[in-house]
Each structure stands twice: as C-alpha cells, then as structure tokens.
Amino acid sequence: MKFSQLIQSLSSDQAELVQTSSLIEHPACDPDLTSLAAIEEAQAGSLSYIEGSKFARAVQITQASAVILPMQASLQQMATDRHIAWIASSEPKLLFAYAVRLFYQPLPLEPGIHPTAVIDPTVELAEDVAIGAYAVIRAGVKLGRGVTIHPQVVIYPEVNIGDRTTLHAGCIIHERTQIGRDCVIHSGAVIGAEGFGFVPSAKGWVKLEQSGVTVLEDQVEVGCNATIDRPAVGETRIGYNSKLDNLVHVGHNCQISPNCILAAQVGMAGGSKTGQWVILGGQVGVANQTDIGDKVQAGAKAGLHGTIAPGSIMMGNPASPYKTFLKASAIYNRLPAMHQTLRQLQQQVEFLQQQIQELQDQANSHESRSD
Amino acid sequence: MKFSQLIQSLSSDQAELVQTSSLIEHPACDPDLTSLAAIEEAQAGSLSYIEGSKFARAVQITQASAVILPMQASLQQMATDRHIAWIASSEPKLLFAYAVRLFYQPLPLEPGIHPTAVIDPTVELAEDVAIGAYAVIRAGVKLGRGVTIHPQVVIYPEVNIGDRTTLHAGCIIHERTQIGRDCVIHSGAVIGAEGFGFVPSAKGWVKLEQSGVTVLEDQVEVGCNATIDRPAVGETRIGYNSKLDNLVHVGHNCQISPNCILAAQVGMAGGSKTGQWVILGGQVGVANQTDIGDKVQAGAKAGLHGTIAPGSIMMGNPASPYKTFLKASAIYNRLPAMHQTLRQLQQQVEFLQQQIQELQDQANSHESRSD
Amino acid sequence: MKFSQLIQSLSSDQAELVQTSSLIEHPACDPDLTSLAAIEEAQAGSLSYIEGSKFARAVQITQASAVILPMQASLQQMATDRHIAWIASSEPKLLFAYAVRLFYQPLPLEPGIHPTAVIDPTVELAEDVAIGAYAVIRAGVKLGRGVTIHPQVVIYPEVNIGDRTTLHAGCIIHERTQIGRDCVIHSGAVIGAEGFGFVPSAKGWVKLEQSGVTVLEDQVEVGCNATIDRPAVGETRIGYNSKLDNLVHVGHNCQISPNCILAAQVGMAGGSKTGQWVILGGQVGVANQTDIGDKVQAGAKAGLHGTIAPGSIMMGNPASPYKTFLKASAIYNRLPAMHQTLRQLQQQVEFLQQQIQELQDQANSHESRSD
C-alpha cells in the first residue's frame, strides 16, 4: 500500500485522528508500505508509530519508511529530515490500531457449515453463519447473523449467541449462557460452567447445584483458557466492551461493568463486582463480595477485598492506595536495619536512664550535702 | 412447585434438616414456587434463604414467596408477619442446596453412544454409559456404570473411570489415570498428563519421563481448565470428596487427602501434600514438599512451605498464622512513619547523650571545685 | 530387566555418567528390576536413586533391589551390606532419568492418519506423521517428519511444525505459528492466539489487531492449558530447549531465551524478556517490558519488573535479592512489636528529656546559687 493510500483511507474513516501529514508538505515522498513494525525493529517498507517525545531517539535511527507521530513539530521535522513519511495524530497508538487493519485481518474461517459439524435439529441459525469442523451444537441454541464458530467448539443446550460473535477453536459454552453481539471468545475458554458451590455438612461437602446463568454483553472478549462460571441463583455478568485476558477466572455471581480490562491470570471470587472502566493488572486476586468502584486500577498481583473507592489506584496484598504501598515497600527492605537500630536505641536509652539516675543521685546527695 | 410439596420432599429426604415450618402454623399460606433467588433479588414466586440474623433486614424487604430461615423465632415471626412462607433449619444453606435440586438439575447429555464417538474395540463399557459426539476413547479404557462422557472428551489408553462419573466437554484424561465413582471433571481439565520433570545437564534440560499415575478417589470434582499431573514414579492422588476449582494446578506426586477445598488458581508444586479438610483460598501457592496438616486453612494468595501444623489458619507470603499476619499487615503501611520516627529518635537520643555529657562534665567540674 | 542389562545399556549410552557399580564387585548380585520408585516407596524389584548423603537413612531402610547412588564410598558400602545392587554416578538423578527410559515410554499414538482427521488439501505432510481422530489441520500448514498430532488438535492456517514434534490432545495452534523440532505441546495449550491489545478511545477499548507471529525454537515444551500469544507486530519467541509448565501465560512480544524454566502459573506480561538459563518459580509475575538477565532465578510468587541483573536470585513482590527479602520477611512478623517498642522509646525519650531539663534547671539554679 502506498503511503498516500494509507492517508486517504485513514482520513476518510478516522478523520478526527489524522491531524496532518508529511504528504501535504512533500507530495513526492510516498513510500510503498509492506509491513508493520515496532519503531526499533522497523525495516524499509515498514509503517511504525511512537507515542511521545521520549521516543525521539528512535525516530532518529529507525529504518521505517513511515511513522505515525504525536502532535509535536520537532518530531515531525526530525522525520522529514530523515525522509521518513509521517502522519501526525493526537492519538498515535489509536491511529496505528486503525492502520493495522488496512494491512492485516485475522485469517477467516471458510464460510458455510462444515459437513462434520453436529448441529441439533432445534438449533436456530441466522444468515451467514460459519461453523467449522467437528463443532457440536446442542438443542435449543440460537446463533445470530454472521456468527463464526471455529472447529471443535462445543455449545451446550439453550445458549444464545449474538450477531457477528466469534468463538475460536476449542472453546466450550455451557448451558443457557447468553453471549452478546460482536464478542470474541478465544480458544479453550469455558463460559457458563458450574460455579464452585459446596456446603459443608457432617457427611462432607454437599454440592449446591448452579441453576443461574452467565451473561456476556456486546463486544466482550474472553481470553484463551479463561473461565467464567454460572451461579447457583441469579447471574454472572460481564459488561459491554469489557476485555478479559488469558487464564482469567470469574467466579459465580460476579458482576463486571462495561469497559473493564482484566489482565492475564486475574481471579475474581464469587459475588465480587466492579464498576465501569476498572483495570486489573496481571494475577490480581479479588476476594468474594468485593465491591470495586468505577475507574479503579489495581497493580499486578494486588489482592483486593472489601469496598474500593472509585478512582483508587491500588497495589499490594492486602491492597493499599499505590502511594502508600510504594512508600511502605520502599522501606520494607530496610526492616532488618530498622530492627537493629531499634535495639541499639533501646540500649542507648537504658544507658541514658542509668546515667540520669546517677546524675540525679549525685544532685540529690549534693543537695543534701549543701543543706 | 407448591410450598407444601417442597416441605414434603425435604422432610422425607432431609428430615434432620427441617426443624419446623410456617405451613404448620398457617396451612392457608402455600405459595407456588417458580424460581430460586438470592434474598435481595427474589421476586414473587421465589424461594430464597438466609444464613443468620444479620440478614434480618433482608427478610423485612424481600419479595420472596418463601424463605429458608435459621432457628430464630424472631426471624420466623418477621416472615410470618410479611406473609412469607418459611422453613426453619439448623443449616439453612445446606437445606437450600437440597431444595435447589428439586427445581433444577444440570441438563443431561442424550443417553447412549453418539455414532461419531471413536471408541477403541478394547474399551470396556458398563451399562447406561452416555458418550457424546466426537469423544475419543483409546485402547484399554474401562468405563463404569452410568458414566457420562460429554462431546470431545479425549481419553488416552488404559484409563479407568468409576460409576456415575461425569466428564464435561473438552476435558482430556491421560494414560493410566484412575478416576473414582461420582466424580465430576469439568470442561478443559487435563488429568494425568506428564509432570514437569527436567534434570539439568551440561547439554541442557533432560526430560525425566513420567511413568507414574494419577488417582482421583470417589466424589472428587476438578474445575474447568485445571491440571493434575502424573509423576515420574509413584502416584499423584486426590482424596475422596475433595473439590478443586477452575485453573488449579496440582503437580506430580502431590497427595491431597479427603474433603479438601482448593479455590480457583491454586498451585501445588510437586510432592506437596495436604491433610484432610484443608481449605486453600484463591491463588494460594504451595511450595514443593510442603506438608499441610489436617484442617489447615490458607487465605487467598498465601504462600505455604515447610510443615504447617494441623488447624493453622495461614495468610501472607511466606505464610504466617493469620493473627500474626493481620497485625503485621496492619502496621505495614505505617513503615514510612516508623522509619521517620526512628530517625527522629536517633537524633533525640544523640542530643540527650550530648546533654548528659555536659551535665556530667558540669557535675565533675563542680565536684572538683567543691573538693 | 536384569540389573546387569541396565548397567550395560546405561554404560553404552551414558558412559560418562556411570562411574562404577556393585556388579563389578558382586557379580552374583543381579536382581530382576520390574519397577521404578522413590527410595522411600520402593519394593522388591524396584530401581530407585538418591541424590546425596542426606538420604543415607533411606538407603538403610529401603526395600529397593537396586539404587543409583552418588559418588560416596560409605553409601555404596551401606547398599552392599544390605545386598542392594547399586550404580554410582556423579549425577544420580540425571542417570536415573536415562534409566527410566529403559522401563517406560509414553504410550504412542497409533501410526498413520486417522480417517476422521480433517486435513486441508494444501497441507504438506512429511514422512511418518501420525495424526489422531478428529484433528483439524487447515490450509497451508506444514508438518515435518515424524510429527505426532494427537486427537482433537486444531491447527489454524499457515502453521509450520518441525520434525518429531508432538502435539497432545486438545491443543490449539493459531495462524502462522512456527514450532521447531522435537517440541512437546501438552493438552489444552493454546499457541499463537491474539495478544491482548486494546487502545483506549473516547468510544471505549479499540482492538489492536495482532498481525505478528509466535515462534517456538527446537526442543521447547509447553505445559497443559498454557497460553502463548502472538503480538500486534513482530514476534513472540520461546528459545531453544526452554520448558514451560502448566497454565503459564506468555504475553505478546515476549522473548524467552534458550534453556529457561517457567514453573506452573507463571505470567509474563507483554514485551518482557529473559536471558538464558532463567528459572522462574510457580506463580511468578513479570511486568511488561521487564528485562531479566541470564541465569536469574525468581522464587515462587515473586513479582519482577524493570531490569534484573544476570545471576540475581530474586524473591518477593516487588522482588528483591533473596538475602534481602529473607532478612526483611523474617522481621515482618515483628512489626507490631517494633511499632510498640518505638512508642515506648518515644515516651522514654520524652521522659528523659524532661528529667534532663530538670537536671539542667537544678544545675543552673545551683550554679547561680554558687555564684
């Protein structure tokens, strides 16, 4: 693709993100773009991007033929001087995300229904559904328009799947799960299986059957081998446009609001809930019944419990506000030194007490002598 | 189901759990029960439950038609006053678990063997086995009576599976694994695969072949995408009625005793073992060769190693008894303040030392003058 | 197998590891070996091993018929005295690993291509490929000589798999992934799926398509249900002979060098990289862009970020050098006591200050009286 074509495509689809470009200034500079690359790995023909002026050095040495730059004239001048074609945007990474789509789309599944797919006669299929080899779709399932079911997906009875949703190979959707439109379920994810409910009794653990349902709203993504359980009663719900990374666990009755990000290996115990725009770092653990406010962020490995106020940035286990945590953890390694200092101080104070006792005794005896 | 029918069923099957009910007092109050719900989400027609008097407020506002209550007359009166039918039990949640089964059972697999299942001629099948589409069962496998194999399960050679055990879609059972009766293996779980055994050598890591076996005793449950490895020699064993949640990892040679609970994302390294009735919270890690006593409980994210005395309640990493941990973690955030206080004290003590030195010098010079 | 045959096999294949044996001294002692066992579980007929003299007691009571011993004459004498056949080696566990292979090999898949495998006509198959039931291999895939594909593996388009690599049942290889020779991918692992890339925008999270590739070099092993993502641009790469345990997550663009060990449930966030011979304990988390030097070791549950110097042994979160961490964590539980001591010291110092003030006042008044 010519750089000029790229400009044209992006300007028509993402006009508000394309502020200016080198093409205007140097119409002769219109490289052929054949690949996408990180700025430091770019080659001739690569399109790349940087997010801010701290990457200025990369612009000075990159082999990229074109870059998406932030709105800084100095960076633009630098690129121009090196004959690198550029586009300037207020959001370079976002514009790069749109640019990638002009170069690459995930390889599609063949259209139509593979003859080996086992589909119950009661299944309702809308138009343009693609179903891969050895998929198994049980009774009462409904698939919306343009749904893609990759090979070896299993869908238990009475599941609904919304328009244009993609289920990658090997994911398993359990009974009565509701999946919205434009969702992506990655390979090996298991949605709507039985929550972990056992009640202690004299005879051992008694199973609490999980009669509830799991609901994924529109545009949810669920990572590879992630698990989202259904509850004993009520719903487990993942809100609109929330994105869950690989190996995330969401327990029964959790409520995740729209636009949340759960990084890999996060675990949310039963009944916990998040507000909107929450971001949980990798391996974060959320105790059951935790109530996480809007826009909370939790650093990797944080352990959350109780009620977390909106907008908090939390770290550590049990989690604290990040400033508190960073200050405390900066001192942590000095604990042995502090412990020693404390013992020294104790000895010094004890010695001071003795000395003062002596001075007092002296003073008293002196007083009595002076009397 | 009528409330009176519910009473009748529960009283016949779980007589010891049904102490009394409103039906005796108000035979006219016999609502139709059509759903199960948490107390705060209940609607007309819902059966719900509460576990103790701290939920009294919920009884005052719930829309439920019937509730299972603990043995407290005041709560019973409250329900009666609101025309809510009730059952009183010494174990309300346990009774609710039995009540759920009268309303809901997991949707069964169609009976019989799906024609697409690939079953080696040497496989021994007992009566009433159900096998789903595209299941693959290799040589020498034995399936007990009433076993359910959901679609796309793979069973490697020489596996034994006990009566009435259920294998959900997409789980994989590796060679020579022994699974007991009444077990449930959830989707995507992998049982009996090779343990992680590599020996360092000058040429790199050399694989230690894993010739041992994995054994699950009766009534074990294994969560979605959990993994239980087989060892190089000997056994990995999960005891009777132990329950493992999603994404749990159990390494080679681990020995889990009966009636343990491992919450989601727990990891047990090779050769670790637990006593009976152990409860490990989410994301707990157990170091290799750890020896966990009976009835130990570990809080979420705890890191266990060494020998843990029976009955201990452990938290933190490395784990401590929970009282110790809670006290220490309550102080943790004051570390920066403590550090500062310590420095102030050092300065104050130094200044005191100087002052005392001066006083001593004064006293000495005074003494000498007095002489 | 006779002990003498074992000696003969090991001496011919692993000559440098077999230093001496009891057969030389006692040619009459040549037991039949029928099983492999840990030293404390060994029975008559078992071959076992110990790694050092701290297991001397086990040699005195084991029922094993033969043991592999370290190079210590006293242990050898002990075994001889008990009529246990022995082999002495500078690396007993390594020699045991080779011995195991003479007793046990994983049960092979039937040779040839199962008639139910769905293989795109464009797939290139080398000689001696074994493909199990219901495997799905899509367009443009190339399989090397002696590759084994177990049942229900799905391979997306344009994947290359090197000679003698084994893919266990239920693993899923995504588009354009490159897998080297002699690799083992365990059940449920997902390789080369889309990295977790979303860019914030006013409208919500916008997907950054993942156009890069995942590369596994030769002799890599990937554990059950582990996930290794492909990046937006460039490569995710796992180096030669590196071994990843179950449920490990490797994010987009990670670079793992040769001969690394990642224990179960490790998570590496996007763009992190390791040097060679790195060992990460269970549940370790690696923040994005972390740069881990050669031969770094991290204890279970450590949280790594930033740059980790080669050879460091790290523990804790955020991770510290292990000596620092162990000293600090040893003090951690004394925090409440330290806090109390600190308060006492503050009071004591305050009281000392008062006393000194009084002494000074006395001295001054005395001075003035003396004047």
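Quick notes on this structure:
The letters A, B and C name the chains in turn, as written, and every chain counts its residues from 1.
Here is the rule we use: a contact is a pair of C-beta atoms (placed from the backbone, for glycine too) under 8 Å apart; a residue touches a chain by one contact, two chains touch by 3 or more.
Computed from a predicted model, the values in this text were never measured in an experiment.
One rotation lays the C-alpha atoms of chain A on chain B, and its angle is 120 degrees to the nearest 5.
At the chain B-chain C interface, residue numbers used by both copies make up under half of all numbers present, so the two copies contact each other through mostly different positions.
Mean C-alpha positions place chain B and chain C at a centre distance of 26 Å. Contact with two or more other chains is made by residues 134, 152, 170, 188, 225, 247, 265, 283, 317, 332, 334-335, 338, 342, 345, 349, 352, 356, 359, 363, 366 of chain B. Touching chain B in their complex are the following residues of chain C: 36-38, 41, 91, 93-94, 96-98, 100-101, 103-107, 114, 116, 132-134, 150-152, 168-170, 186-188, 219, 221, 223-225, 240-241, 243, 245-247, 258-259, 261, 263-265, 282-283, 300-301, 317, 329, 332-336, 338-339, 342, 345-346, 349, 352-353, 356, 359-360, 363, 366-367, 370.
Considering their complex, residues 118, 134, 136, 152, 154, 156-158, 170, 172, 174-175, 188, 190, 193-194, 196-201, 204-211, 225, 227, 229, 232-234, 247, 249, 251, 253, 265, 267, 269, 283, 285, 287, 303, 317-318, 320, 324-325, 327-328, 330-332, 334-335, 338, 341-342, 345, 348-349, 352, 355-356, 359, 362-363, 366 of chain C touch chain A.
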